[in-house]
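Chains here go by letter, A, B and C, matching the order in which they are written, and residues are numbered from 1 within each.
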Amino acid sequence: MFRNNYDNDSVTFSPQGRIFQVEYAAEAVKQGSVVVGIASKTHVALVAIKRNAEELSSYQKKLFPIDEHVGIAIAGLTSDARVLSNFMKQQCLAHRLTYGRSMPVRTLVDMIGSKAQINTQHYGKRPYGVGLLVAGVDDHGPHLFEFQPSGMTEEMVAFAIGARSQMARTYLEKNLDKFADCDREELIRHGLKALKESLVQDRELTVDNTSVGVAGADKAGVVEPFKVYDGQEVSAWIESVADDKEAAPAGGSGEGETMEVDS
Amino acid sequence: MTSIGTGYDLANSIFSPDGRNFQVEYAVKAVENGGTSIGIRCKEGVVLAVEKIITSKLLKPNANKRIATVDRHLGIVYSGMIPDGRHFVDRARDEARAWRDTFKTPIATADLASRMGGYMQAYTLYQSVRPFGITAIIGGFDPSTDLPVDGEVGRGPSCGAGGKVPGKTFGGPGLYMIEPSGLYWGYYGAATGKGRQAAKAELEKLDLAGPGGESLTLEQAVKEAARIIYVAHDDNKDKDFELEMTWISGPDGPTKGLHQEVPRALREEAERLAKKALESDDEDEDGKMEE
Amino acid sequence: MDHRPQAWGRPRDDVYGPYDASYLHNNQPKTATQSPIVTGTSVIAIKFKDGVVMAADNLASYGSLARFTDVKRLRPFLSTSVVGFGGDVSDMQFLDRHLNELAIDEAYEAEGCSAGGLGSSAQEPDASPGASKGQLNAANLHKYLTKLMYRRRNSFDPLWNQILVAGFDSASAPFLASVDLRGTAFTSPSLATGYGAMLAQPIMRKYAATEEDAAKLTRDDAVRVVRECMKVLFYRDARSLDRFSLAVVTRDGVDISEDEVLEQQSWAFAERIRGYGTQTV
């Protein structure tokens, strides 16, 4: 794609002021399978498509709990994700042991942002090749953050990263106003519907390739700890969005054809 | 356009034959692509404002703050590469903390600007690192009377700390802008980012160095800052933006010497007036076009 | 010849002898704090229905000399909690600076957060800075101080203080706990350090023996009890002063007055003491 003198390391600016290594690292994120996150006033949900290397191999996990109140979804280099998630786990635990409270999510996300930024400014280091969606609950309610290899972290209402995630983002933008008041189930259904938008034409959500993670906090302050659901636990949700699709009035062409060929 | 580096621009810290460090100049390009940020210094205090381009509709409104507090009384806003800006702010916070540990008093604006200028400059000296892709604007209000020493247990002598030169004024507002090369100056009005030319033109019209600055109140400065951001946004018209503003007043002013976000009511009023001013400008322009 | 990287640039052992690292070894005895020098005396506190009342006198003694008489031993933290220090004053100053830095760091966190997560209106930034949710409350602060004090104790370099932390916990209930130079931590409806534990606690426990009793106490009653205890302490604690600071922590914030004076003192009891002085038995 790009081929120039300025893309060998992350300590070289191009004449236009870009750092190509960081941009290439973002490409690694786009190679991972899609993950979607949505936050409402009371809950935050992460949903993911898991890939398997071969027919008979296991599916790569995409959702990981970090602490009782925080979980992440990864897209990109899994080993880089592991490094970051181990760091996050240690920080959360140390904070809990020192202060007796759960770590505020933004502080945690700022820490990995700084960690990743250093890798974009020193020779011999390479940027982290993974994007994260960090979903957590704290005293201010549910939060969803996006983490990028450049170290950029932003709080989102909803987002999707990974392969063909633009389709999912389009769905999320269209339904943006509905999310704040969604209850837990609706939120997960929206996530799965967004996920379906990004699927390859002949693929479907199955109990093997779908992961769901949810955390919540209601007005009384009771926290639903972050939990990941896999396998049979997600079958009810998958069915609920499959039914919706079939029950929807045929506005456009037939259901199968709403999926665009992936570019 | 700048000349092509051709071989002298591949690594940081390398001088070209005409004495330039091209990597630093390329870093400046990164700044020029970022959203506009400005600072206004008037007698009563300092206002910082930034145009946050909304890159995605999915961003949570009002959640991603760009203007950072250092200690309690200093604010930093930056344009360019935001992760670099956060690194810069982290270091500034460390510097402020180290100053407080040594001198048991908060750091002054000029001293922080000096430290941060040195830090930015250090990243232009070695091939193993790259320059910061940001220009930072630091604003603060230094107290003119003595603050109690950190950890002070008693009230101290009633005559105060002493050592004051009679007739010399201490403290006051301070505004500094630091570039990727580490160069910095003190300003009455500073602007950086994509719309800096338009913003600078507006700031010059305010005549902050002269009687304009003397008469500008802090609230007026807030309104001017909003208006200038809106004017500068014209350069980025195709994207939506969110305006974030903070202010620092003296100990008698609305923020009591602290760096705080401008209250929502005042910000919304300032934005309303800014939009109105922009519309009337457009009408004038249309009028002129018709002639 | 040893060509390995670890030998690059090093003088040869067979020519100059093995490396002498004795300069790194400190053979002096450890000289960390063994005893406090300038000290503050007791701090007392009692919970009531809507918060906690705390008091400490304004004296820093240099042994038996009443050296500094305007010392503030009650410190607010983030304008939501109060910390009262008894014991060494220099360690108190160290902790005060340290907690100030902690408060500044917490404020950095708070400004980055959006306050509107649960659909409530975004918090006005000119509201009292410490009152925002999500910042360290008194229970968090107490836990942190416990870890700190215990850690110092394990290094045989204690901060020679006994500290009372007052405020609210995560359930918004009044919180009061103590931590001392050994890292021993406990909580109770009423607490006192130093002589207060012997002289003032029995009085405070008459009014707030259990959490339920404390929850019935009104603010005025609690302040009255605390003032009475400060008077008793002044009568009987030889290293105390009649000028003191009084702090009341409620959900609305912290209210510290540093110029309280004990009124209506009656020293008539002194003439009835038998055992020393001008006794005539």
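Note that contacts are C-beta pairs under 8 Å (C-beta built on N, C-alpha and C of every residue); 3 or more make two chains touch, one makes a residue touch a chain.
Nothing here was measured: the structure is a model prediction, and the numbers come from that model.
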### Query
Based on which chains are in contact, what kind of graph results: line, ring, star, complete or other?
complete
### Core chain by centroid distance, with centroids computed from Cα atoms only
B
### Query
Would you say A-B or B-C is joined by more C-beta pairs in contact?
A-B
### Task
Among all other chains, pick the one whose mean CA position is farthest from the mean CA position of subunit B.
C
#### Entry: Averaged-CA centre spacing for the pair subunit C and subunit A, given as whole angstrom
44
#### Entry: subunit B-subunit C separation of Cα centroids, rounded to whole Å
39
#### Entry: Separation of mean Cα positions, subunit B and subunit A [Å, integer]
33
#### Entry: Multi-chain contact residues (two or more partners), subunit B
60, 63
### Task
Would you give the residues of subunit A that are in contact with at least 2 other chains, written as numbers and ranges?
110, 155
### Task
Enumerate the residues of subunit C that touch no fewer than two other chains.
112-114, 116
## Note on the structure
Listed in rising order, the residues of subunit C that touch subunit B in the complex are 60, 68, 70-73, 89, 92-94, 96-97, 100-101, 104, 107-108, 111-114, 116, 122, 124-126, 129
### Residues on subunit B engaged by subunit C in the complex (per definition of touch)
60, 62-63, 65, 68-69, 71-72, 93, 97, 100-101, 104, 150-151, 153-155, 254-255, 258, 260-264
### Query
In their shared complex, at which residues does subunit A touch subunit C?
41-42, 97-101, 104, 106-107, 110, 138-143, 155, 180, 217, 219
## Note on the structure
Residue positions on subunit B within touch of subunit A in the complex are 2, 4-5, 9-12, 22-23, 26-33, 56-60, 63-64, 81-84, 86-87, 90, 123, 127-133
### Task
Over in the complex, which subunit C residues touch subunit A? Could you list them?
109, 112-119, 133-134, 136, 139-140, 143-144, 147, 170
